[in-house]
């Protein structure tokens, strides 16, 4: 039943190739998404007027629609108005914009959870606004946002599989090609699933490790 | 521009028909997920080590593998392997339900663990069995505490249901895709799909919020 | 221990031992309660008072020893006997443990309905009577979060009494309460004692102990090391007197 040579000769080489494409989608999207999330989240938490409204609108729209739709608009829709994106670029852009919206939610929550009294206390000690942001607010907000943002990156790893739908052939796409060719869907997709499980589990361990490194006794418990 | 609008309007009834199927998939998947997730969470909290281990493996698998991969694995792979001949629609319900069960179990587990241990002890001190204590004291509270998590789960399942179009399920996405590729009005059609999902997401979240308020108990922190 | 049972003995504990996490929390403890007795457990925290009370109610199953209720030994192995014993022995917890999703009257009625299988109407009638007895007729439909600590503890007493227990165990029922709320709970307990309820209570309320308790059991390191009437125990040099003088 278990066909080792099928895995060694066909499945694993193809999936490894796909894995590289997946990773090249995930890393830039995760980093850019986080940056967008911090900007949007800060605007939503502190900003006033039009900018904070735009930021809130952006987050609401991207969190309220499926990633598949966003990807389809970017890849199949934009050519209607003369904008042509490669599958890879459309996928990376879609992942970045979508995960940025979710990150902003956690960043905003983290910023809002820090008690006003601490800002007052910092000001009373003579901290400048910038200095109290960097030294007092951010170190706390970062810790508060970490579990949520970490989870979001794990989501991103899994949803990177949707790149296949807009013809960017990554891990899932390579799997689909072999499976269709050989009609061995169960074997191939169990292997594909295992690749994702390993990625997600490793990322989970890494995040746990960071959380542990940044752990402060009693912090975040009295919310 | 005018042509886009014409296409969107004339195809709207067809696409909205797909929305009915989308809602049916989501409701079915969430109900199925509930009946998997609740026992799973009870096992994770009260079960013995072997049961806990099995439950943890289940959750690890279904939370770690992408929906798209699960759909391919089950629809083209496992379902044919066991000669289960079901439609794309029911496959989507089943797969999203199996996966949702893993996520829902995490919601319920958190809720169970947030209830002070003393309450089960008090129930036992009154002569209730473990089962009675869980049934009459723990679960009614778990359902209430879990509602916000459930509303979040709804929005996730709704958006994931769009992925089921790869199986050819006749929901919003596949109907939009069908019209778009024939009329070459991709942008307009996918924006239209986006609007429908947007409305469904926030309308559902609002509805669940109303239920939450209705079940609210004074001073009971959810 | 030289406890002798007599015709009036309601509850007898013989040589109870309980190991938790590899440590002997209760070591060979014996005691007995006659009908109408109010005995109190005193001693430093961590001395095993809570565990002893939970063992008597079989919330913890003792490792060794016997529990004899109404002259009949209770088997620790038979689930039916355990459940029956718990119904007959009421328990009041330090932190109330009210069911947060139920109103006061539902908190009292739920065990009547689900354990005693009373019809809904009967259960509510009974619950109303018990809540009136603890002075909470005006709070029947309040949720736990809407009650003060003292009111919560009175609901939990009503909840226990509704099951018609023959013995009531109280685990520091006033220690989680603000000072001004302690009296309302103690007076309910005092009334209960006067009406003949048999009780075993862990407490540090010395004035209450001196005036009402029939006997003090001083517990330390899992053992009852002294036991006598408050008058005698507190008038000579004793470990109990030493401990109590530090409480004030």
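Observations on the structure shown:
Labels for the chains are A, B and C, by order of writing; each one numbers its residues from 1.
Following the convention adopted for this analysis, a residue touches a chain if its C-beta (ideal position, glycine included) is under 8 Å from a C-beta of that chain, and two chains touch if they have at least 3 such contacts.
If you're wondering where the values come from, they're calculated on a predicted model, not measured in any experiment.
Set against one another, A-B and B-C show the most C-beta pairs in contact at A-B. Relative to the centroid of every protein C-alpha atom shown, the closest chain centre, again from C-alpha atoms, is found for B.
With centres computed as the average of Cα coordinates, no chain lies farther from chain B than C. Taking each chain's centre as the average of its CA atoms, chain A and chain C sit 54 Å apart.
With centres defined as mean CA coordinates, chain B is found 21 Å away from chain A.
With centres set at the average Cα position, the gap from chain B to chain C is 46 Å. Interface residues of chain C facing chain B in the complex, by the touch rule stated above, are 54, 57, 59, 79, 83-84, 86-87, 90-91, 93, 95-101, 110-111, 114-116, 143-146, 156, 159-160, 163. Contact residues of chain B toward chain A in the complex are 4, 60-61, 63-70, 72-73, 76-78, 80-81, 155, 158-163, 165-166, 173, 177, 180, 184-188, 190-191, 193-194, 197-198, 201-202. Contact residues on chain A toward chain B in their complex (touch as defined above): 60-61, 63-70, 72-73, 76-81, 158-162, 164-165, 172, 175-176, 179, 185-190, 192-193, 196-197, 200-201.
On the side of chain B, the complex with chain C involves touching residues 115-116, 118-119, 121-129, 132, 136-137, 140-141, 144, 217-220.
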